[in-house]
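Chains: A, B and C, in written order; residue numbering restarts at 1 for each.
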Amino acid sequence: MKARYLTTAAAAALALAGLATAANAAGKWDGGDDLATSPLECGMGPAAPAAPMKYDGGQPTNAADKAGKEIVVVDVPKLIGIGYFNATAKGIQDAAKDIGNVKAKTDGPTEAKIDEQIKFIDNYITSGVDGILFAANDPVAIAPVLKKALSKGIHVVGYDANSTPDAREWFVNQSPFNGIAKSMVDAMAKETGEDGSFAIVTSTFTTPNQARWIAEMQAYAAKCHPKLNWLETVEAQEDNNLSFNQATTLINKHGDKLKGIFGMTSVATPASAEAVTKAGQCGKVAVVGLATPNAMKPYVHSDCVKSVVLWNPIDLGYAATYVMRAAVDGKLKPGDTSVDAGKLGKLNVINGSEILLGAPYIFDKANIDKFDF
Amino acid sequence: MSAIPVPRLALPRAGIFRRFASQEALLALAVIGLAIAVGFVNPRFLAYRNLADILLGNAYIAIAAIGMSMVIISGNIDISVGALIGVLATVSGSLAVAGAPTLVAWIVPVVLGVLVMAAQGAVVAYLRIPAIVVTLGMMSILKGGLISVTGGKWITDLPQGFHLADLNLLGVPMPVAIMVVATALAALWMRYSASGRAIYATGGNAEAARLCGVNPQRTVVMVFALHGFFAGIATLVYATQLRVIQSTTPPGLELTVITAAVVGGVSILGGVGTVVGATLAAILIAEITSALVFVNISPYWTDSLRGGLILATVIADIVRRRRRASRGRRI
Amino acid sequence: MSVFAASPGRRVPKWLARHETLLAIILVAALAGLGAFNNRFLTVDNLLNQGRLMTEIGLIALPMTFVIITGGIDLSVGAIVGLSAVMLGYSWKTFGFPLPLAIAFALAVGGLAGFVNGFVITRVKVPPLIMTIATLALYRGLAEGVSQARSVRGYPEWFYGLGQGEWLGVPTQLLLLVVLIVIAGVALDRTTFGRTLYAIGSNETAARFSALDVDRTKVVIYTLSGLASGLAAVVLVSRVTTTRMDMGMGYELDVIAAVVLGGTSIFGGAGTIWGTVIGLVMIQLLKNGLALTGVKGDATIVVIGVALIMSTLIASSLQRRRE
């Protein structure tokens, strides 16, 4: 019996600790990180060009001169077997075909675990590839193994999720965090009205990109849509059914107060749309989020979801491969301001060592059927 | 308690029904008590719609836990069930999209589930490899194989008729109806049929079971086959609930199912337990997850509270069983 | 005692019939095969590097062997890795502990987490699987709550020596692992403590009647399991230079796979540290060798699954034939 009291006491203590932390963290949206934010200007105006920065990437030591020769490149995404990274892998293959002298292969862990990802990269360093493309599960944890690759003369280019800059040469940025945040929050404000209340369904609080977006969304909302009311953020892994259950719980908990749900992943957004549909709340609860078009088609066609925010992941993989080739050929050197990316044209260098893919893309009823990924 | 514990498996048989009843009662009490407590904080929790959604969204876990509890009662364990459900869902969805008749898309995964699990059961029973090794290996095979074959491509554009979970049976949503019927049938069968009792005998003491005329090997294969059957049924509910099928294995599902089975009062040493308890435990765990959102706990602390509550339930149950056991001994 | 020791070895020497020996033969054959395909596999550099990568799992596998020999199990090890890693970062950054103290604190928390497992398992008589499945959720949740899902970075340079440095060309943490393997092996093989573990696993009631302190032994091994998980967390943080609350997720299955592949019976009473080491090396090198030979990750997982079942099958059937 004593054990039961002990456990109850422990649970109570935990609850208190939880409440205390909640009080401490008041004023901060759950799931955001603590890094500095840089919200964009309100309204439609074009973003002011950022001040040019000095190159801050790393360089491979004693890389073999493979300019113009065939190179073997391996792509290690956060995880394999999800729609998003299937699309980037397709872009990489497309680019390899267009360029001609690149042999590319995608391989990685089946779950988004940084441990596993490090082992994959380590194995490919040993097996002797010419270049590594990566999307990091953790920006800092991945740095030692990438630096090891650079030290062995292997070219390293990131895309989708960055590492610390000195651990890779270039990073292809799909769209700056503040740009995505602006698109998402503007879309939400338009659908719910300026004083609507909304909640967020994210993957986990430790996923770096999602945490960054949430922090930037908060900063932008505070600046441009101050009356928007954030209710809460829930975690749902990358799990379809859990996302659906969590979104349903939000709808049931907040009732009429809930005017919108943000889906922060390509899993959470369609599952939230399904939850809204099943609850008969289409038109009353808006769903705005990052998602791939195929999974969203039914909801966009039924007018339950007005717009889906995403860059084109195929283009992202395509650009990363061109950047890799250009870095190997010496056509993209520290200090350059743009790079040629095949059918995508010229892409600009920003933030010292990042290549900007472009503005986020909005899928809606008119154009969603043109995409298949 | 004296220094020497009562071996759990040697409890007097006469008390078995009483112990079942109170085991289930404790969980039922926890389910209701939690609902009322959360209802005080936020009355919306008690809305019919919310309670129904909790059951609907988690029925597949409860159904899978039925088979899992049988496997554990027989003295084995299965770690491959999450991966298997992922594979079966993909097979079912692919068939439906390829234009197979709906009934085929529903039946094939169940049959496949029975076959895969029966094969594992045969390896466990006849080749005498521990179940944890076989099912751990099978989990790897299914997980890796699924991604190799599908590349993780989502299955979309499922035909309307495929969505079994959207149907109603006499006004009750299909997932809940299946959960209730499956639990009731399994519980009655476990309690009253000879082959059902053979599972307890095998798990309690395989050698003694053999002497009583039970074939432990055949029983283990049967248990795994049944587990495969319930995994197949769980897949139908799981796969037909949403408009897309992910073609990957649901992360950590095996652990959720095993947790439901053990919290349901199934002793991991085999021999004692109840499928009704497993279903109730699955509902309780789902209820806790939802309740923690309703009472405005900081989301950073929800996981530890869920762990704490599961631990509290388990300890309360063990303490209650132990007190009953020592009382039984005094008589 | 173990079933192996009881087997009559009239025609074949006893050591040849042991699971570990058979497994070692399978391992050597597999390595030779993979080495023939790829000249980068069997190099000193690669093998040492693989040793570095498998150290965390290896550290935890040692006490896990003890636990499984007694017929128990510990599923919470991965969660303890996460909790200890968070405690290391949190106490250093937020409490302002000097790093050596923070490391000691992380180890203490790991040991405490293991002690709580052992205490409740022996006092309240909660079966180990149930207890550790519950604390798996609890400890991981605590890691998330305490850290508020924030990472801790920017440790001083000297700290990375443990996870990234080397000593006489050998990775630092591999040396640590080797020392602990020897200690654990000797403790299991040559001491009363080791014999107590086998006695508990073979027949717990008999062990109690033989006046062995079963409960205290169990508390000790679960505490060791927590302590080793804490140590693995420190090594891991040092190797990857950052702290995350989701560190060690899924380790429990990797550790258990290594231990059972090494011939430790999940039913208790049999098993050795040497077997566990062979199991550990086998899984790590198989994954590495396949990757270097050009097999992709998803296919590698399938091969590992098949290897796990087949090698147990071959070893146990060969052994049965010889008996």
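Structure notes:
Basically, a contact is a pair of C-beta atoms (placed from the backbone, for glycine too) under 8 Å apart; a residue touches a chain by one contact, two chains touch by 3 or more.
The chain list, named the UniProt way, goes like this: A = Autoinducer 2-binding protein LsrB; B = Autoinducer 2 import system permease protein LsrC; C = Autoinducer 2 import system permease protein LsrD.
Everything numeric here is computed off the predicted structure, so don't read it as measured data.
Two chain pairs are in question, A-C and B-C; the one with more C-beta pairs in contact is B-C.
Comparing the CA-atom centres of all chains against that of chain C, the greatest distance is found for A.
Mean C-alpha positions place chain A and chain C at a centre distance of 34 Å. Mean C-alpha positions place chain B and chain C at a centre distance of 29 Å. Residue positions 3, 14, 17-18, 21, 25, 31, 80-81, 110-111, 205 of chain A are each in touch with at least two other chains. Along chain C, residues 120, 124, 142, 144-145, 148-149, 296-298, 301 each make contact with two or more other chains. Of all residues in chain B, those touching 2 or more other chains are 143-144, 147, 298, 300-302, 304-305, 308, 311, 315, 319, listed in ascending order. The touching residues of chain A, counted against chain B in their complex, run 1, 3-4, 7-8, 10-11, 14-15, 17-19, 21-22, 25, 30-31, 80-83, 85-86, 110-111, 205, 232-235, 237-241, 244-246, 248-250, 252-253, 255, 267, 270-271, 274, 279, 294-295, 297-298. Chain B makes touch with chain A in their complex at residues 42, 44-45, 47, 49-50, 53, 57-58, 60, 143-144, 146-147, 150-154, 156, 238, 241-244, 246-248, 250-252, 286, 289-290, 293-294, 296-302, 304-305, 308-309, 311-312, 315-316, 319. Residues of chain A that touch chain C in their complex: 3, 14, 17-18, 21, 25, 31, 33-34, 80-81, 105, 107-111, 113-115, 118-120, 122-124, 126-128, 138, 140-144, 204-206, 211. Considering their complex, residues 3-5, 7, 79, 123, 127-130, 132-134, 136-145, 147-148, 255, 258-259, 262-263, 267-269, 298, 300-308, 310-311, 314-315, 318-319, 322 of chain B touch chain C. Listing the residues of chain C that touch chain A in their complex gives 38, 40, 45-46, 49, 53, 120, 123-124, 142, 144-145, 148-151, 153, 164, 236, 239-242, 244-247, 249-250, 287-288, 291-292, 294, 296-298, 301.
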